[in-house]
Amino acid sequence: MQLVFQLLVSGVLLGGVYALAALGLNLIFGVAKIVNFAHGEFLMLGMYAGFGLMTLTGINPYWGSPLIAVAFFVLGMAFYWCVMRFTIYSTELTQVFTTLGLSIALQNLALVLFSADYRTIQTMPEGMSSLQVMGFHLSTDRVIAFFFALAIFGGVMFFLRRTYTGRAIEAVSQDLTAARLMGINTRKIFLITFGLGIGITGVAGAVLVPSFYAFPSVGTFFVLIAFVVVILGGLGSVTGTMIGGLSLGLIESYIGYFSPDLKEATHFILLILLLAVRPQGMLGVKGAEKETLK
Amino acid sequence: MLEIDTVTKRFGGLVAVDAVSLTVNEGEIVGLIGPNGAGKTTLYNVIAGTFPPTEGTVRFNGRRIEGMRADETCTLGLARTFQIPHVFASMTVGESIQVGAFLHRRRRSAARALSLEVAAAVGLGERFDTPTTALTTAERKRLEVARTLATEPQMILLDEVMAGLNHTEVNLMLDLVRTLRDRGLTVLFVEHNLSAVMKICDRVAVLDHGAKIADGLPEEVMENPEVVAAYLGPPAGRDVAETEGGNA
Amino acid sequence: AGDAARLGVLLPLSGPLASLGNDVLRGFQLAMDLTNEDGGVMGQQAEFVTVDVPSSTEATSQATRLITSENVDLIMGSYASSISFAASQVAERNKVVYFEQGAVADDITSRGFKNLFRFIYPASELGGGAAQFTLDKVLPEIGKEAGDVKVALLYEDSFYGTAVGEGAHKVLEEAGVNIVDETSYSYKTTDLSPMVQRYKQLEPDVLILCQYTPDGILFWRQAREAGLEVKAVVGNGGAHNVGDFADALGDDVNGVLNAGTSVYIDKNGLTEDAAATFTRFHEEHVARFDGRKPSAHTGMGFNAMWTVLQDILPGAGELSTEAIRDAALALDKPVGSSIVGWGTKFDPETQNNTRAFPTYDQWQGKEIHTVAPEEVAISEIKALPLPTWGQRGSI
Amino acid sequence: MLSVENLHAGYGDAEVLFGIDLQVEKGEVVAIVGSNGAGKTTLLRALSGIIQPTQGHVRLLGEDVTGMHTHNLVEKGLVMVPEGRRLFPRMSVRRNLEIAAYSSRARPHLAEQLREVYELFPILQERSDQLGGTLSGGQQQMVAIARGLVATPEVLMLDEVSLGLAPVMISRVYEAIRAIRDTGVTLVLVEQNVSQALSVADRAYVIQHGQVALSGSGKELQDNEEVRRVYLGLGPKEENLK
Amino acid sequence: MSWLLDYFDIRRSDGIWALLLLAMTIGLPLTLSNDYYLNVLVLIFLYAGMASAWNILGGMAGQFSLGHTAFFGTGAYTSTLLYNYLGVSPWLGLLAGGALSMVFAVIIAYPAFRMRGVFFAMATLAFGEAIRILLVYSRKFVDMPYGLSINWQPGFGRMIFEERSSYALLAGAFLIIVTVIAYGMSRSYLGAYLRAIRDSEEAAVASGIPMRRYKMIALLVSAFFTSAGGTLLAQYVLYIEPSTVFSMAFSVDLPLMGLLGGLGTVAGPILGAIIALPLRDILLDLFGSAAAGLHLVIYGVMLMVIVIVLPEGLIGGVKSLARKLRRGRSSKASPDASKRKGS
């Protein structure tokens, strides 16, 4: 019984981490309809940012997260302005390969700049790496990351639901021209969305690095998971992303206990099965999967 | 030819079509009118197989077709146009029409011949090689009709094909529909352009809130007080409205 | 041959395998630089034509390119078994000698290839060695015997892990050891905590692991977080003798055992020549690569390249497949003649180096110390059974 | 209020408008009519900044707004209700309306505007939670117009508002247009439904092949036989009276 | 004969292309003697053939599969296992692999055809990944090495050749077959149907097209030839393993080639392969020794730039350039936002 709960708890923690790692992808996916194949690389850059901050200044990524958020917000805007702006009117395949090109470039740029070494940091003093609560062992860093996830999800939800800018983001996601006619500065919205999406991804990377490691291709470890989370949860649904992340975390936890070599297959098969019965994902809006993009 | 028997369609709690029965005989032109949101398009969707009815049956040439897929009904000879035109964005007008023509004519020459003929009939002859994306709304509607006609149906369901056309164009379209009927085509016709409906329909059915409230000769139906209240509105407004097509 | 001896170098320098690939390249580079400074090989300066082969997908094409476009007469690769398999295939067909420095999968050399030589021991010897080491050296320390010890095997599921795992499995089974669990997983995994939980249930005494660096780090950290207590843990080279692994774990790296290769051995166990090279290797490495200390993989890369440049090519006298092959087969250097403690003698049948053997290390004071075999050991096995987490700083 | 001078615009390589000139005074209702493909929609798109003019000038309240972004124009009170409705299909009716008050000029008036709009089209209040994409064609049209009003325009440009509306709705929409005019909003109507449009218009322009072919008061144009026949595709007047 | 031709819309200018294709697939293998160029040629032919096969589904029918590695790997594994363990000739193995791939295609079609666009892409991607993992997992139960080597024993029946030029001819034949089929499809009603489905599923169905059937046809043809390419490549490389023949990188390469050349066109994927394959080699050659990964930085950036500048691929780019030149004037009009996807 203890075991069942322990797996539950670590699955939930992991799920929160996955959800956080996927949220930025879903924001950009949902609004600009762009599948960002470079998502993993932004996560990777976030990890390096967290690592660099800690090793250069001694500030741990948790305290440094506002700084990283701002830096990556700007990076996200630059990503839109310098690259994706030119593909907004293109076919999805063009977008896929634009982001894929960026992914290749960033991954290898990191290799050139930071070398292929595995970088790790320890945010907790020796002996504090794990918390023991009621006989459960919890990774301190994962617990912190989980609370970051909750806070960021709450913030994003509030922003999207309750602010005019948030609603404008949704409007743009549904009909660009109509949004313009409503007086929405669509360029600004795209900038904000990319800033937000990448900003969150940067913070996600930074709070992940204490419990993982940074190296140039670490993004590829996470990007498929992020895709699965987003689609499982539903396109453009923030709550869905959280639920998608948690389900994946729990699957990993339980399947991983019995057969770790099958857990990735389980993700993918689950994804296909879910899409077969509920193509829009768990919380996606019906019909979204049919959105013919062009 | 087409027998709709107590068809009901619900969307969640909303009854979009409420126990509607309607028969269209071979060679007839039947108008289906009703206020916005009455359920006309929904009924079309049920007939043409976009989705199955919640209850009721639809027969075409004696054969049950409810729940059939749209392409199956089309192959049986029952074709429909969309109220909001769906064009094939990467094709020219001619190619789009050929897509319809291929249904029964797989050979290039035959399909092309038919599509030229149909294009000319709907007045898109000169636009044959134009990309569909360059068409105006009205032209898109005509393309909708052309593509449908090219499948050589026995019966077509037209959804507001006159909307957005001016007087002259409406008349051309009416001529077209008449010609088609003369060639043996049966037509079900959803339209808000009353003058057009009055001019061409052999019979008119009226839907309101999903239910059929009248069915009969055009003149009779127009006098029906229920119809007047639900659809035509006060005479003052109607006057203006009727001038839409120019000459009622 | 022109004014330079051109050698093809085929390594994963980008992509997920890049870290150790670059380690090996540093070893190659250093061996070449030192040789060139000493006057080169066969009177010429040596020169690399390096191709980056992130995975075996690119291996065939790039090997073909090295041979048919760059016209190299010799290829040095590749460290990862998958890459080696594909690339050596091409070399064999094109009759170019391929020296494999660090890929361990047994079958690489069981294909009867005439132009493929391997410096390192095969996986069965690595995994088997780790198992044997466990039986011989670890069990006495933890007060267990083959009959009553519980061992769990965990390995990543590509060529490397599975081959090593099989090797270990075989030896353990023969010794009648109770293997309580044997599991493989993808090294791209982002979570191994369920495995840790499973071990908490099964309570194995010894873990034998074969992992790459990221998953190795992840596993041991998660073991710490969950408070998994085992009496001993033995790695197999991909993670457990790598500096990044130690950095990631701090004091808790101490006590971890590893089967593999090491450049932190006792140079007194080496021949005089080798001992001199050993010192030079360490000094020059630190000097040329920004104070970085060499890793085991750099050492193996260095050793292979050094042997080729210092012994095989001079022996061949020319850069032709036949000559290189003959020289390689003729080479006979005793154990202790290289910086990693090995000798060189290629088996005429398999063309494996018969004088390579795993050495066994333990992390002590956050440094890796060779603890066996005795000839090259610089330290003794300490602190087994492992003290509890947080108490390992003093090992 | 709005003045257009020698406006050229088109799509990619294809030029559609060849030098349009027109004037709209404050409080006027101006109709723009013309046959299919004449360029009416293109003109509205160019005026609202959806496409960029290639030549010419647009002035709004004396200020040169040529080439200005749509959102800035909306901010200045130039609002267009597009052809084909373009609702946000996966937003509720209420959300669709609320988002129309995005501009800072409209936001303070949202509650009041919503009330008016619901009064005008009661069905929208009934359906305020239905998703835009599932409304019937006519219902969608109502939402589209309502959105235009919620934006509190100075100049409201309507592209084929009566398209697909039942007669009873058309009369209601035109009543609404009159009501809107009476509140002082300047209106530009693009219509196929010529007689309807001309009957409310103070003045009208006839567009043909991307140019202004004729202009005059609504009544003048409606009464001119030749105009009716050649430019407007209307039948002779008598027939209409029947 | 002429009635048969009437099913196809054959244009005179196509003859020139046909000649070019023949010259390339037969002429080059027979004239090139440099092994390196021959190797590139073999790969170009094989990839061009598979990219064309992908293009039937992805380009013509608009179903952007990112899971074609499932078929590629199935082809490679089936023929190799049959050959290594049962001695079955790879020629038969090719057919067996093709058949098995078609079975997989039917399985994935059930869920995937319910989706469009990105979702379809993701579902197929997931399928490709899942197959690889299951294959690796299956080694728990069957005794099979992680990678499979084929012994180099030349022989026609074994589909292993002494000369690289023989491989080039074989690969060229493969390319010709796929191209002829793609051409035949695109110029007959089938092509029109696939394009119709791509443009608007609703309108296609309303035109009497049984959409699933035609998507399925495109998928089956596409799967079969991708699988055949897998067999051919395995026989050429003589070594396969799960992570190479079932890799996302492969799934991504095929559409990339289609896109670079021109999506949905017959010549596009061929042009794409001709550009993409050598490009990487050239960059590696130029920058490979400067710093690890540098050539890939450049490759990535070039990819972005090419794709953005030529969204319609090389063919589309040339066409629009020609159009501009004919017009003799450039236009400054901005793209029409109303044409944006999703609207």
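Per-chain numbering from 1; labels A, B, C, D and E assigned in written order.
Methods note: contacts are C-beta pairs under 8 Å (C-beta built on N, C-alpha and C of every residue); 3 or more make two chains touch, one makes a residue touch a chain.
The UniProt protein names, listed by chain, are A = Branched-chain amino acid ABC transporter permease; B = ABC transporter; D = LIV-I protein F; E = Leucine/isoleucine/valine transporter permease subunit.
What you are looking at is a predicted structure, and each value in this text was computed from that prediction instead of being measured.
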Chains in simultaneous contact with chain A and chain B (ABC transporter): D, E
Furthest chain, CA centroid comparison against chain B (ABC transporter): C
Most widely separated chain from chain E, with each centre as the mean of CA atoms: D
Mean-CA-position distance for chain E and chain A (Å): 31
Where chain A and chain C are represented by their mean Cα positions, the distance between them in whole Å: 36
Computed distance of Cα centres, chain C from chain B (ABC transporter), in Å: 75
Separation of mean Cα positions, chain D (LIV-I protein F) and chain B (ABC transporter) [Å, integer]: 27
Junction residues of chain D (LIV-I protein F), two or more chains touched: 11, 50, 86
Chain A: positions in contact with at least two other chains: 107-108, 111, 116, 174-175, 177-178, 180, 216, 261, 264, 294
Residue numbers of chain E (touch at least two other chains): 133, 136, 200, 292-293, 296, 335, 337-339, 343
Of chain D (LIV-I protein F), residues touching chain A in the complex: 48-50, 69-71, 74-75, 79-82, 86-91, 95, 98-100, 102-103, 106-107, 133, 147, 151
Footprint of chain B (ABC transporter) on chain E - complex, ascending: 3, 6-9, 188-189, 192-193, 195-196, 198-200, 202-211, 264, 339
Of chain D (LIV-I protein F), residues touching chain B (ABC transporter) in the complex: 11, 14, 35-37, 41, 83-84, 123, 134-139, 141-142, 160, 162-172, 174-175, 192-196, 199, 232-235, 239-240, 242
Touching residues on chain A, where the partner in the complex is chain C: 3, 6-7, 10, 14, 107-108, 111, 115-120, 122, 126-127, 129-130, 132, 137-140, 142, 211-213, 215-218, 220-222, 225, 252-257, 259-261, 263-264
Complex contact set, residues of chain C against chain A: 13-16, 18-19, 21-22, 157, 183-186, 188-195, 197-198, 200-201, 213-214, 217-218, 221-222, 224-227, 242, 244-245, 247-248, 250-252, 389-390, 393
